[in-house]
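Following this line, the structures themselves.
Next come two complexes built around subunit A: one with subunit B, the other with subunit C.
Coming up: the complex of A and B.
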């Protein structure tokens, strides 16, 4: 079964996944109208900043067992067994923040949402874009990611690809693929820039 | 939370004021930079394009996603187009600044600019002669009118070559001609650059970059050079004068007025008003000891160079200067004025005034200056600043100012050398001075504030390399104390001996960022004296903390003029290794100079020393191998 897989080395920090996520969870599903909605739709994927100003798309891992689910007193958090997706029922959420305290990845937020009763802040997190998936679409974050940092595929396929890459890299005479030489150059300079500031 | 202010700026006033700003809940440029992280990698690589509405497009740097925009432009084309548009914007900024000065010159000639005058008639005559304007027996104002007209032609399309190119060594002009980058008209090159980067015009990344160089040359040997020359004509050619720098130049007991921006057209009038005895008496009647005018950024540099007006700080200090609570009024014209300033000022009693018809800012009162009303409006505004004095609340001025000397125009340097460049050339030939380097450009919150400028200047003078600097770099090294004659204690033995004998500092303040053309003229004078090209000289340029499009244009005209130039921050070009390679290697065969990128100023000092020694070797002068 396809899942969203994160390839952190490919994240260029453009945050397009965040805008696409917020739009996919808006009422109108269109960027230009979504930014005028009340409540304003918010992203469930969060691009953080690493030690060297590089981006990292942080999203729900849909853990199993899920610490958030175990911590949820009203039982608002449940698993969709068909897709392995951890979901939150906004009607049962009491906004107590227990799930956020339990979450090791900090991916749960509290705010009003078009899916929740009006004027009520609820716990919000990634829902794997199940609605889009039912229509045969990939999750919104994956669809907009042009650098390959987010893919939607069978994990076994992604792991096989990685295994082959590692295997090839120990073949005699093999040049290790550099990924993107340009991005490597830019990141090298950014690291130097930050190191200079700290050493001074 | 432990303070990280020492990771933001090396300056004592900066660190103390950052603490004050935090207590006052002022958001600064550093906070906003932090909030932007991570910054978009496509844009940082130069791989995003918004030039048309088939897009916006971006190219996947990993080679799997899209490799071309909708129009078919690949990474090389997109990166080149984006960089060229940066050059066009930078060249346009300097050149439009120059145009404003030419318009004042024309109005002075017509007698329609009260308060303005020809303060350096000798320079007027010599520049007029370069433009082919007959000066003999003519009234000064007639010459001014004809010169303004001739300069306006430089902005147009009727000429085929800019008038001031003649100042460049013949060998350099020959290179420009051969490569096909002789700038024809100032506005023409910018206009053509924008045309070429439109969808479906120039899609050769090499030819785009060559037009980028021509566009930059139209700034360096056109717009900026006119700006500097006309400023000298209208306000006086700078000569060395004592001044003082850092936020301590603001006075607890005086009415503090700060000018910010670039063009001396407004700030010179404010200075005249601030010196009028009538207004000084008014200030005294309000309980102030006097009127204290200070500058930040380049309009401050313009006043510092010509009048020794003190300098409160450079680019990253502009918000913090307001957080002293000691500024009665800040007047801005244009360029590098953060739109956040109005909001910062609203926390204090400071009145913010925008003055240019082409530059408005939130939270500022707009009082437009024109040559015909400038003298009167300046007096009115200084009066209003005085009236604001008693609204001042708590003032925080935590440091004492550092003493400095500014005002080294080329004319002044030649004067200090005793009338010709020969003593400098002799010192270079003898190896007492290994060479010279220009440190220019801005501040950038990505770089520890002032660390790049100060560290590089320190290392270069230690290595007997004479430093000339401008803009925010010049303010940084002044704050570090490098611009006093006793700073020779930081210099190597040879530079110490020469500067000591001449009584000059080892780091010379050449002015504002348009005054980078003074560096071009100094380099041309050296090249002509040695019958060489600029690229043959043991000189280099550096922009350790640059941020602006103007700096891209400056860097490009330095390189196109034959000056090896080391940048601190990386320009947005890493998405195309072809463009990187051309700018850092390929241009050597085209214009005899290249760019380098090195964020660590300790290492860029080594790059510069190595380049200088290589040039010494090629010239047959004594050299060291590094």
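Coming up: the complex of A and C.
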């Protein structure tokens, strides 16, 4: 089963995933009409700023066991066992924010949404784009990501690749692949700028 | 194995489910004095407020006991127990043997001592039944009196106010939620409540109630009188431990449990509002009577009862409350004493109407209060709970747009 895998070291902070996510969860599914919708569609992936001004795409990990699910008072948070996705039933959500206190990654937001009853703020988070997946599409954030920071693949294969990289890195004479030279340069510049700023 | 669980609150329910996950054949008996399906206790205030119907309270459907092959014994309380004979004696003279026992009996409201407290329409707010009774009185209620500025009193007052009833809230300390928040957050809450039309009286208590059959008013400690047709008492709760033999099972304020949630008596466990466990932030034993701890303790106690030795990390006090225009999240030890051991960092942003207070001990965050912009408060709660040392900038933690990555190296 494919899952969204985040590679934060490749994120350039362009936030296109946020626009794509909001559009995918809008009524009209088109960016230009989505921005005129009420309620205004909002992203469920949140690009934050790291210590060195690098981007960091923060999204629901669909933990198991999920702390939000255990903390939910009305039992509105449940797991779709087929896709391992943690979902929130907007009809049952009472907007109490118990899940905000429980989520160690801070990925849940509270607002009106086209998926919820009108005028009712509810807890909203990543749903793995199940609707798109049913139509054979990858999640919107992955589809739009240009830098390879978000991939949609079998987690065990991704893990194997990382493990191989780590074991290769300790073999003598093997250079660790650094990703694209452009990204390395960008991150070096950002770090240098901050170092200069601190010195001044 | 014969597992017996006292209480069908969330701790008991979570324990039963985790026992059944590991032990498919053992018998499970659940005892409760409330003859209803398991329901969400923290949500009863929403029924009073009128935002959810009572039908939304159950947390498991009526087939729960059958589905998990549990024998429910509802409507009776445990009168006493014999630890050596491993037997419970119920209030209706029944006896129940057990191999493993979970005491998840919860807590009972702290009684009030004022004269005429027996009058009708003076309620505690602890269970579904009490709230349903209050709903019957509401149509005749123009003025209501709420005693206690803790979570229960506070939620009761907000709920009644939401229904358009004139409410007077009596608070003994200077501001509401004094156990959960500090003075500045307390003042913000008080200002918001007052702005919404709640009459808040601080530093006063009820000395006597007035009325013939049902309550019509109360005399306060400052000599003044208030008229009211409904009184809700929220003066805190005490663990329900009257049946526990104190010479055999170590009891402090609650039942003392170890890191497997086992009491001092082997095979007997405790979880939820009745249990006194190690508090992660305070580093001392504490009764953290909150829903998420009841879930966690029930789950882990259940696994231990079924023979899997799972360790419980300790409890952490925490609460999240939304009132009108304010969101409040408080976790850990927020009111640590004025001591050089503790460092406090705070920021009150009047433009955004946010307030943050962080309490540190050494390199660990041990307490946090957030007023508004609470969405990422779980990150701070997790830092306290997992005792993650803060090595980077502490001021970063104060930012309203706290980003997970800004904490990582």
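Following the convention adopted for this analysis, the second predicted complex is superposed on the first by the 197 of 200 C-alpha atoms of A that agree within 3 Å, B and C clash if a C-alpha of one lies under 4 Å from a C-alpha of the other, contacts with A are read in each partner's own complex, and residues count from 1 in each chain.
FYI, a residue touches a chain if its C-beta (ideal position, glycine included) is under 8 Å from a C-beta of that chain, and two chains touch if they have at least 3 such contacts.
In this text, all values refer to a predicted model and were calculated from it rather than measured experimentally.
Chemist: Examine A:196 and indicate which partner it touches, taking first as subunit B and second as subunit C; both and neither are also allowed.
Modeler: first
Chemist: I'd like to know which partner A:95 touches here: subunit B for first, subunit C for second, both or neither.
Modeler: Second partner only, subunit C.
Chemist: For A:136, decide between first (touching subunit B), second (touching subunit C), both and neither.
Modeler: A:136 sits against neither subunit B nor subunit C.
Chemist: A:118 in the overlay: touching subunit B, subunit C, both, or neither? Say first, second, both or neither.
Modeler: It touches nothing on subunit B or subunit C.
Chemist: Of the partners subunit B and subunit C, which touch A:147 in the superposed model: first, second, both, neither?
Modeler: So A:147 only meets subunit B here.
Chemist: Touching A:180, do we find subunit B (first), subunit C (second), both, or neither?
Modeler: first
Chemist: Could you tell me if A:54 is touching subunit B, subunit C, both of them or neither one (first, second, both, neither)?
Modeler: both
Chemist: Return the residues of subunit A at which the contacts from subunit B and from subunit C coincide.
Modeler: 48-50, 54
Chemist: Under the definition above, what is the set of subunit A residues touching subunit B in their complex?
Modeler: Against subunit B, subunit A makes touches at 10-15, 47-50, 53-55, 146-148, 179-183, 185-186, 189-190, 192-193, 195-198, 200.
Chemist: So in the complex, the part of subunit B that touches subunit A is made up of which residues?
Modeler: The contact residues of subunit B facing subunit A are 7, 10, 37-45, 47, 58, 60-66, 75, 446-448, 451, 455, 568-570, 574-577, 580, 597-601.
Chemist: Subunit C touches which residues of subunit A in the complex?
Modeler: Contact set of subunit A toward subunit C: 8, 48-51, 54, 56, 58, 67, 70-71, 73-75, 92, 94-106, 108-110.
Chemist: State the interface residues of subunit C toward subunit A in the complex, per the touch definition above.
Modeler: 40, 42-43, 46, 51-52, 56, 59, 291-292, 295-296, 299, 318-320, 322, 327, 329, 331, 374-379, 381-382, 386, 392, 401-406, 408-409
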